[in-house]
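This is the structure, below, for whatever I ask next.
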Amino acid sequence: MDQILSLAAANLLSPIILSFALGVAAALARSDLNIPEAVAKGMSIYLLFAIGFKGGVSVADHGLDVTLGLSLLAGVVLSAVLPLIAFALLQVMGNLSRLDAAAVAAHYGSISIVTFVAATSVLEGSGIASEGYMVAVAAAMEAPAILSALWLISRGGDSRRMDSDLLREIMLNGSIVLLVGSFLIGWVTGAEGLAKIEAFIVSPFQGVLCLFLLDMGLVAGRGLRGGSGVLRPGVLTFGMVMPLVGATLGLGTGLLLGLTTGGVALFMVLSASASYIAVPAAMRVALPEANPSIYLTLSLGVTFPFNLTLGIPIYVAVASALTGG
Amino acid sequence: MQTHQAKRVAIIIEQVMQSRLTDAMTDAGVTGWTVLPVLGGSGQSGAWSREGQISRGTGMVQVVCVIRPERLDELLEAAFAVVERHIGIVSVSDCEVLRAERF
Amino acid sequence: MQTHQAKRVAIIIEQVMQSRLTDAMTDAGVTGWTVLPVLGGSGQSGAWSREGQISRGTGMVQVVCVIRPERLDELLEAAFAVVERHIGIVSVSDCEVLRAERF
Amino acid sequence: MQTHQAKRVAIIIEQVMQSRLTDAMTDAGVTGWTVLPVLGGSGQSGAWSREGQISRGTGMVQVVCVIRPERLDELLEAAFAVVERHIGIVSVSDCEVLRAERF
Amino acid sequence: MDQILSLAAANLLSPIILSFALGVAAALARSDLNIPEAVAKGMSIYLLFAIGFKGGVSVADHGLDVTLGLSLLAGVVLSAVLPLIAFALLQVMGNLSRLDAAAVAAHYGSISIVTFVAATSVLEGSGIASEGYMVAVAAAMEAPAILSALWLISRGGDSRRMDSDLLREIMLNGSIVLLVGSFLIGWVTGAEGLAKIEAFIVSPFQGVLCLFLLDMGLVAGRGLRGGSGVLRPGVLTFGMVMPLVGATLGLGTGLLLGLTTGGVALFMVLSASASYIAVPAAMRVALPEANPSIYLTLSLGVTFPFNLTLGIPIYVAVASALTGG
Amino acid sequence: MDQILSLAAANLLSPIILSFALGVAAALARSDLNIPEAVAKGMSIYLLFAIGFKGGVSVADHGLDVTLGLSLLAGVVLSAVLPLIAFALLQVMGNLSRLDAAAVAAHYGSISIVTFVAATSVLEGSGIASEGYMVAVAAAMEAPAILSALWLISRGGDSRRMDSDLLREIMLNGSIVLLVGSFLIGWVTGAEGLAKIEAFIVSPFQGVLCLFLLDMGLVAGRGLRGGSGVLRPGVLTFGMVMPLVGATLGLGTGLLLGLTTGGVALFMVLSASASYIAVPAAMRVALPEANPSIYLTLSLGVTFPFNLTLGIPIYVAVASALTGG
């Protein structure tokens, strides 16, 4: 408990979290502070490239763990199963239509790569090691949740939601391709490759993350201002309960796989986090009738800050306690 | 100057649907269009803005198509099939164009 | 296809006035519009371009609003009250829309 | 509200030709226009998109000009001289404007 | 005098100034060289964040000087008073309408953050220390000048220029919020926070500043090409005299407050510089009839280069001489 | 031969080339991965500024080589002559109209600055020195080819292709101005100037180059997808033969001038590379009837990857062998 509190305190007062808070505050106060779309996208490309590359280098360094395949598989299964749990929970807690519930559920099965990045920063800051291939697990968990959610809807008699174009769009989503691609590049070029571009992808990383979280805060704050009306208390609670449910499943999976402390913590973070890049786009195509304010506000305005501030320290502390790390 | 009657169709549609719309237009034999960016907007489903966004999930574009009047219906049917279940606006106005041979 | 008469209002207005314009439109009961970016232009007050600019003080946007004919006057009055002392262009053209129930 | 007849000319033209077009418009006595960015499009010469491009060689812009009807021909002639050998679309539609004294 | 000359020479041949000159030259020669708006905004966000953060860290390091409050107050007063002087000067020197004169005056009461940044670079290059909270003073001086200018106009019988929306826009202007916000984040996280993001906000700072000044040069050069016609000799002279008047007032204030050499120099720079971010936007809302070519050309095309090339070395030299620094 | 192979292998597995390959693969697979135009332009401005500046500093360091003037002259002549050869070759190999052939020829006389940058990386990686002023030679070779190509067309009886506006646009093209400008700034400020901005223009350079090549790969892949139909086998072959022809001429020139190994290699690279920034824009103005798919696909989709993967190692190995470097 002490560790949780001190981790949480250190976390809350880090430049990263404070930058996010600044963004939220600026948006709520209706400041005209804003980061251009192109710059935000540029930063997200930088972060994906850097995190993928570093993961690949780490695999090249430490050799291929036998659990890589199992972890990928476990990730896919988790991503596919979590929406079912989320959907069931929403029918108890929320008062959403089937469509809205399925759309929300898809987000919680998938992952938030920035939450993952923030968690790796916390781990690094605490000197806790983790498997480099967790970034590949992150990529593997992006898409299955979407298919699960569409299956939920088709079960309800509503069909023709999925076509081959959509499937390609989901699987070859820019963030998946960049993450997997840079992971492979890092793996192939290894430490030598890293040495060449370290000054770009390692040293300034934390600083770029600050500005990126400032932007996320601005977008989340604007979303909260416009979308807070749509969130009934039940749905709001879901946004903070579901991460804990996901994290628990992630914990079990990580322990079963016998991952390191950091690996377990990251599995918890991935399961606990909710997508706001790939899934919203897929939902607009496949479930256009679902209300985007609900899933965007919940994912970016509630669950993301929850994980960023409280979730990550909890997950890291629990993983440390249970792995003896 | 010599001008020719034509129709100008402006379709405001979600970014994620853009390629589906233009594919449908191509299938309907329409070969020329232009895509304009959109910064933000407001409608029944609330207000939105592209500022600082990284997901393609939020946001619209405007597809403009200048077309011979006799081709209009084909285009509208193709466009309608795509926007039908989605948010979006299809508006048509009369216009005159130079160089009709290019259409 | 079945289309419906409507008006397309295009308002080219300074960026700094955008929120005032859309607030006034909301007050006048207009709920749908789309904002398009503008790169540059020229007028009585000279030429401008957004290239490399960091201040919101220079530059315009275009607000497009498709509206039922009977609501036009309310919209124009609301818009006029905002642009009155400012630079900007308000133009209205006839158009036809699909799915009038959405307006 | 009191409005005035005008013409709205929309010229979709290659980016590299933009300054030549606006220079020609200035020479023809046209002093007001607005330039809108374009993301991509498709035509007889194939499809294009500005995504990730660094050369000015690919891509178009849209120049919009609201003008008194009696000035239209001069504008079209000036525009035609520029687009003649180049790809691009010149379309004209009727519109009504507030504050005609500004044109 | 010698010091001024050698400082000025070193300054004129620095990459920063030469980049600005390159931009001006390219624009005057009508090259198509240009920096995309999104990139320019991205760089300005980076610079504001970095300068604010470093200021906050410096306050965390050196403890809170008792003069912070007084300096902020002095900054506000200076910002409010300078427009009155500028307005009076313009009525003697220029031949502007009341509206144009008031709009110009607002710009000279407010500040240019890039001029401030360039001055801190020169100070660092010369090893002269300054108070970290001067960046907060900069933020405090952005807005009062606008209110002064509107008061000048309302005194002339012209009213209803200010509403609560505009007031919020002015006070919560993006650059103020970012500067103050990152200052607070730097203050809270201190040296430890800085260590995390130093490789992003400290090391590459000068280089980003070069590209940013290249962009400023391009914009200034384009402005000069289009707007030079509107500047009569009297107004042009004002653009170089007013900075000296402002610097003198800033000098007195800095000496009265007992600031360090660097602090005095920065107070001079802030008073001498003219806004081209927050104030032009406010003027378009409140005084739309004022001619933007006049105030933009004057502020960005005349006073900014004047301060950058001659002003800063003079202010630093004078501050050094008078504080014995 | 061994050296070529090992250089080629090292080159093919560098992060830079793999990033380009990732981009091509993503585009061919129709992923929605894309880098915003503003970010791509921002990166190209960064690269031009950095490479120009470093070239200037190197000239300041090593003093002005007497061959600078001759090299510039040789570059201009090569750029003007190469289109004539390309045009002749195309009439044998391709089946293009005169206009298309002239437009393609212009691209091959001019240069690709990213190919140049990639080559300097390979040279640095192999510890091979080169003349700093080669970057000025690169700038000098951008434009003459355009004039040659227009002369080819006007000889065919088709006139009025060139006016003073176009001439200014070609000579003051943004990339030329930035390259020459930053070269001069680097020259003037020398090692002292470099020290100030090294952390910006040197350390992260390779990493930015990776992301930039990712973008180039995306654009090239999209071009190949859309434009591959227009390339008949003869034209395609031209895209791989012409670089070798150009490189041979560059080799002879470099040897005649008595340049260092690196200088000779860079002369080969410049002559072998084809423009895709300045020339396409000039062609749209001067030869609008020429089909852009042909010259863009050929230059960016065929010759650029050819040089990047096979060409550069060959040129470096040949230059090393023949200069005994």
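Note that the chains take the letters A, B, C, D, E and F in the order they are written out, and that residue 1 is the start of every chain.
What we mean here is this: a contact is a pair of C-beta atoms (placed from the backbone, for glycine too) under 8 Å apart; a residue touches a chain by one contact, two chains touch by 3 or more.
What you are looking at is a predicted structure, and each value in this text was computed from that prediction instead of being measured.
Touching chain C and chain D together: B. Where chain B touches chain D, the two copies mostly use different residue numbers: shared numbers make up under half of all numbers in play.
A centroid comparison over C-alpha atoms places D as the chain most distant from chain A. When the C-beta contacts at A-B and at E-F are tallied, the pair with the greater total is E-F.
Put simply, the chain farthest from chain F by mean CA position is C. Rounded to whole angstrom units, the spacing between the C-alpha centres of chain C and chain F is 45.
One inter-chain figure worth recording: chain C and chain E are separated by 34 Å, centre to centre, where each centre is the mean of the chain's CA atoms. Contact of a single residue of chain B with at least two other chains is seen at positions 36-37, 49, 56, 93-94. Across the assembly, chain F contributes 32, 34-39, 41-42, 203-204 as residues in contact with two or more other chains.
Pairs of chains meeting the touch criterion are A-B, A-E, A-F, B-C, B-D, C-D, C-E, D-F, E-F. Residues of chain F that touch chain A in their complex: 13-15, 18-19, 22, 25-26, 29-39, 42, 125, 203-208, 210-211, 214.
Considering their complex, residues 34-37, 40-41, 44, 165, 215, 218-219, 222, 226-227, 276-285, 288-289, 291-293, 296 of chain A touch chain B. By the touch criterion given at the top, residues 1, 3, 6, 8, 22, 26, 31-37, 61, 64, 66, 93-99, 102 of chain C touch chain B in their complex.
For chain D in complex with chain F, the residues that touch the partner chain are 14, 16-17, 19-20, 45-47, 49-58, 85-87.
Residues 10, 12, 36-44, 49, 60, 62, 73, 76-77, 79-80, 83, 89-94 of chain C are the ones touching chain D in the complex.
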